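Each of the next two complexes has chain A plus one more chain, namely chain B in the first and chain C in the second.
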Partner chain A sequence: MIHITINGKVVQAKDGEMLLTVIRREQIDIPTLCHHEAVEPSGACRLCMVEITKPSWDGWCDYVTSCLYPAEDGLIVNTHAPKVNELRSSILDMFLARHPKSPEIRQLAAEYGVMKTQFEEVVDGDNCILCGICTRICDTMGFKAISMVGRGHGKEVAPPLNMAPAACVGCLSCAKNCPTNYIEYNMKNGGLTIWKKDFEMIACTECGATTITKEFAEYLSVNRDIPFDYFEKCDACHRKELAGTMGRIANWDREARS
Partner chain B sequence: MNKRFIVKPELCTGCRSCELACSFTHAIDGVRSLTRINPIDGGFKDLWVPVTCLQCDDAACIKSCLVNALKRNPVTGAVELNHEVCVNCMACVAACPFGCAILDTQTNLIVKCDLCGGDPACAHFCPTKALVWELIKKAVKKTG
Partner chain C sequence: MTIKNVKDLNKIRKTSLATQKKHPKKVLVCCGTGCIANGALKIVDSVRDGLEKRNLKDVTVEILKETGCHGFCELGPLVIIEPQETFYTKVKPKHIEDILDKSFLDNEVIEPLLFTNPVDGSKITKYNDISFFKHQQRIALRNLGKISAHDMNEYIGVDGYQALAKVLFEMTPDEVIGEVTKSGLRGRGGGGFSAGRKWKICKDIKADKHYVICNGDEGDPGAFMDRSIMEGDPHGVLEGMMIAAYAIGAKEGYIYVRDEYPLAVKHLEKAILDCERTGLLGENILGSDFSFTIKIARGAGAFVCGESSALMKSVAGEVGEPRAKYVRSVVKGLYDEPTVLNNVETLVNVPTIIRKGADWYSSIGTKKSTGTQVFSLVGKVRNTGLIEVPMGITLREIIFDIGGGILDDRPFKAVQTGGPSGGCIPESMLDLPVDFDSLTEVGSMMGSGGLIVMDDKTCIVDIAKYFLEFLVEESCGKCTPCCEGLYQLLKIVERICAGKGVEADIEKMERLSENIMLGSLCGLGKSGPNPLMSTLKYFKDEYIAHIKDKKCPAGVCPELITYEILDNCTGCMACIPACGYDAIEGKKKEVHVITQDKCTKCGACYAVCNFDSILVS
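Let's look at the complex of A and B:
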């Protein structure tokens, strides 16, 4: 256990734990766009910048991305120093210039007082901030269906060769965790289309409700040793089935007693 | 922990006090959460079954989770879902053979019973003691 000071408060942390984890545990709000606990941090959005210093640094301080900076003993962290807020608003200013139409970016920028960007707005831009949360989640889940393609201005998130990815099972984790809701998918008539690939959803045998795609269920039953018939009913019908079974047992018991 | 959660359907009246207790106990920022326990009609007269997570030994939800968001709490024995890690892939919702991992459409979070970390609120609020959180009595060897 080591001790660090966050905004004047001494807190305990594990050695090597990232600063952002410690800060979030202390219920201090730091904006992030590219952070997700399920995946390795990447420091792409730069919004989790904090000011760090140590008594031995003679008054010097450093500005680091807290998601990638391991906690050290005796570190003094300031999460909302004037310079940090200034840094965050200039980062958001650039985000706003690149993605002027994104409602999520506009809201976050407005929270830091940036209502209009001082740079030239990109006219035909998209809402992808290239944070890589989708690709990292896809890698962590073991599918590796999408990745960063190209570099510089041409960098984008795409499946290999821009074709329907064979490895994708349609779990929608990329789309649901995208900080700007950029990844599009279409779910209708018991089917799903994402990354130009079409999937069939498993319909509940009793009520027809859909939960996951057939490909995802097959992946789980093969790789995770779950019987495939578990996926044939929706959660509500499974609960009804359990209530029916338990009800029959309780009724036998009741009849035996009376 | 030498305590266990017991459901007695024959005592349940379907009053749904447990649902309210669950919803309010798991509220986030004052917004009620979806209940993790549901009294469902058992199919016979005056018979309700409070359906909640059975905390299976070989749990399909833990096996289905690809990001290890579901873990068993070694103290209570309950399977707990870490919302920070969960990526909302719905694998556990589909995999649970009893349908006890549920998607809360209001908050877009997947919810499941965590036994309230070792003191289930539903058991406190059940007026007929159909839900009980009680000490496991040690088996005593009969002598003589």
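Let's look at the complex of A and C:
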């Protein structure tokens, strides 16, 4: 265990643990848009930047993204230094100019006092904030079906050649974790369409409700040893079955006692 | 043949030298990309045919040399006749018969093809008498334009691979690192970090593998020194990499070249193949314990891939995006192993440093910036091209002695150094010694060595706009301050150029620039506002003129200028067809008139008027 000082308070941390983890454990609120517990940090949004220094640095400070900076003993962290606050509102101002219609961005910017952007609004600005959570999750899941394509202002998240990606199994992890709900998908008539790819959903053998895509179930049964037939029942029916099983066990217990 | 040991190497060197001696008369044709674009390959064919006609077919290889770039591309194709060093410019195939008969076989000089001194119009015969070459000191470019770029034996003939032999058999890796550190060699890719120290950090890290990567992803507008070196002296680059690999204990190396450099890729591929065939690359090189292989990784031409962490991702086949470098790539680089990444120019200096010693190298240049630096001198100067000069030389010497001064004798305004991450330096600083630290001090940087010279007809706000456009186009888009911040800076500058700027814009740009510098992820974003900040610092008046007076003093920004025809118009009618928009009307020998609402301010009329009758205001 090591000790670091955050906003004047000495706290314990594991050596090498990322600063953001320690800061959030201390219930200190700093905003992030590209951080997600399930994936490696990326340092793209720059909102989690903090001021750091050490007594040996002779008054010199550095500004680092806390999501990527490993805690080291004796580090002094200021999560709301004036320069950091100014940077955060400036970045949120940039986000607001790029995604003026995004409710998530507007709310966060408002929290930092940015009600209206001082910059030129991008007229056809969409709500994809290029945080890369979807692509990193897809990588982590092992599919690599989507990635960042292009660069600069023209950058976007897309499957290779913008065609239905062979590697996608329709797990929906990208869409369900998108902080601005930008990734579109369509579920109807027992099917799913995402990234221009059509999937067949498995129907619950009990009630007919859809569970997950056939491809995803196959992937999980082959790679994660989960029996395929587990996915042939929906959540609700699994719970019903579980309740029934628990009830039977309770009956056996009563019978055994009497 | 294979080169199993130093004896074999020296045998080739001896044969190569003997051949040179036996055939002192040579025709050197520059076959760098610039000269090839100007038709150098046709010149080579003509010389070959000419030699055959003169019964010299058997010795064509000894006489005709397809060399690398001389750096004087604007005058290509270039042909040099040795041993007289007669230097011919803008040669066409029809000139070859004459050159061979008179200049090659006889000692005559063909005057019309000689270089014309732009200052006084005199003709200069010899290569080294031309001021563009005279003031240079060539270490990195030592072999360019001198030897056949793709002939390994010729490279060996000019002491090639002697430095490799020296380190393998006479020096320990630590001694090599010590020598390079002592030489003071600093990274020529822009950062200026001590090459020796980088090697030392990498070597000291215990790991399964170490890597050496040569950064040939040259992306600054107008800079082409790395391309020329890779094309013209590929073995020099390989030898530098081998020495680095021996020093840090690497067995694998990569050269990252952008795919827009097909000739560099071709020559490097041939050089690697020749080394593999002869045993200079592979297992137990020259009979030592050192084994090393080099692969070429071709980049798709993203500017950001010149940044170390993005480059390494690209080599590994991932999207070229930088990562935060709280752990440096020399510690955790390619495939998470310790990696030395050096620029082409840095590496090509290494063999000479080893051969001639650290003391020799550090005696050149200044105390903190030793050796020489290759610059790409472009813009409004008379002589443009690649030059290599000792560090510490002044901007004035570069621009006026080597560059021959400003085109058309116009006043000098500024020089932009360091490419898109650098800054503009005003006239008052022309006597600034050029080295890593003094350039940084004045708000610019060495970068990869671009020098863009501007005269009074260059609008400084327009220049800032140009670099911002470049950076916005090339920003990888990963982090917000660089991607969005630079975009917003560009929007403000565009507004100012269009005459729609307001006074508050200056402070807005300054604050935004500070936040971009503070908040960006990689060096490209952090230095992105430099061109804007340095112009704001030294040329604020010009910004104010655009904003307050709605005037572009240099007469460049279309929305802020008008073209008028003065009364001294002779009515020659030259400008009427030159105008693509039918905006000029007039009869012969009568003053012409520009219809303002048709005029697009393209400047075509100004360019053709011989009587200074067009006023731009």
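Rule of thumb we're sticking to: the second predicted complex is superposed on the first by the 241 of 258 C-alpha atoms of A that agree within 3 Å, B and C clash if a C-alpha of one lies under 4 Å from a C-alpha of the other, contacts with A are read in each partner's own complex, and residues count from 1 in each chain.
The rule is simple: a contact is a pair of C-beta atoms (placed from the backbone, for glycine too) under 8 Å apart; a residue touches a chain by one contact, two chains touch by 3 or more.
Predicted model only: the values in this text are computed from it and were never measured.
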| item | value |
| --- | --- |
| Partner chain(s) touched by A:Thr180 [first = chain B, second = chain C, both, neither] | neither |
| First, second, both or neither for A:Ala38, with chain B first and chain C second | first |
| Which of chain B and chain C A:Gly152 touches, first, second, both or neither | second |
| First, second, both or neither for A:Gly142, with chain B first and chain C second | first |
| Touching partner for A:Ser102 - first (chain B), second (chain C), both, neither | neither |
| Contacts of A:Phe119 with chain B and chain C, given as first, second, both or neither | second |
| Contacts of A:Ile91 with chain B and chain C, given as first, second, both or neither | second |
| Complex interface listing, chain A residues touching chain B | 36-39, 137, 140-142, 171-173, 176-177, 202, 211-212, 216-217, 220, 224-226, 230-231, 233-244, 246-248, 250-251, 253-254 |
| Complex contact set, residues of chain B against chain A | 7, 9-10, 38, 40-44, 47, 49, 51, 60, 63-64, 66-67, 69, 82, 84-91, 93-103, 108 |
| Of all residues in chain C, those that touch chain A in their complex | 302, 304, 319, 321, 323-324, 326, 472-481, 483-485, 487-488, 491, 508, 511-512, 515, 518-521 |
| Residues of chain A defined as touching chain C within the complex | 42-46, 49, 63-65, 68-70, 83, 86-87, 90-91, 94-95, 97-98, 118-120, 130, 132, 147-148, 150-155 |
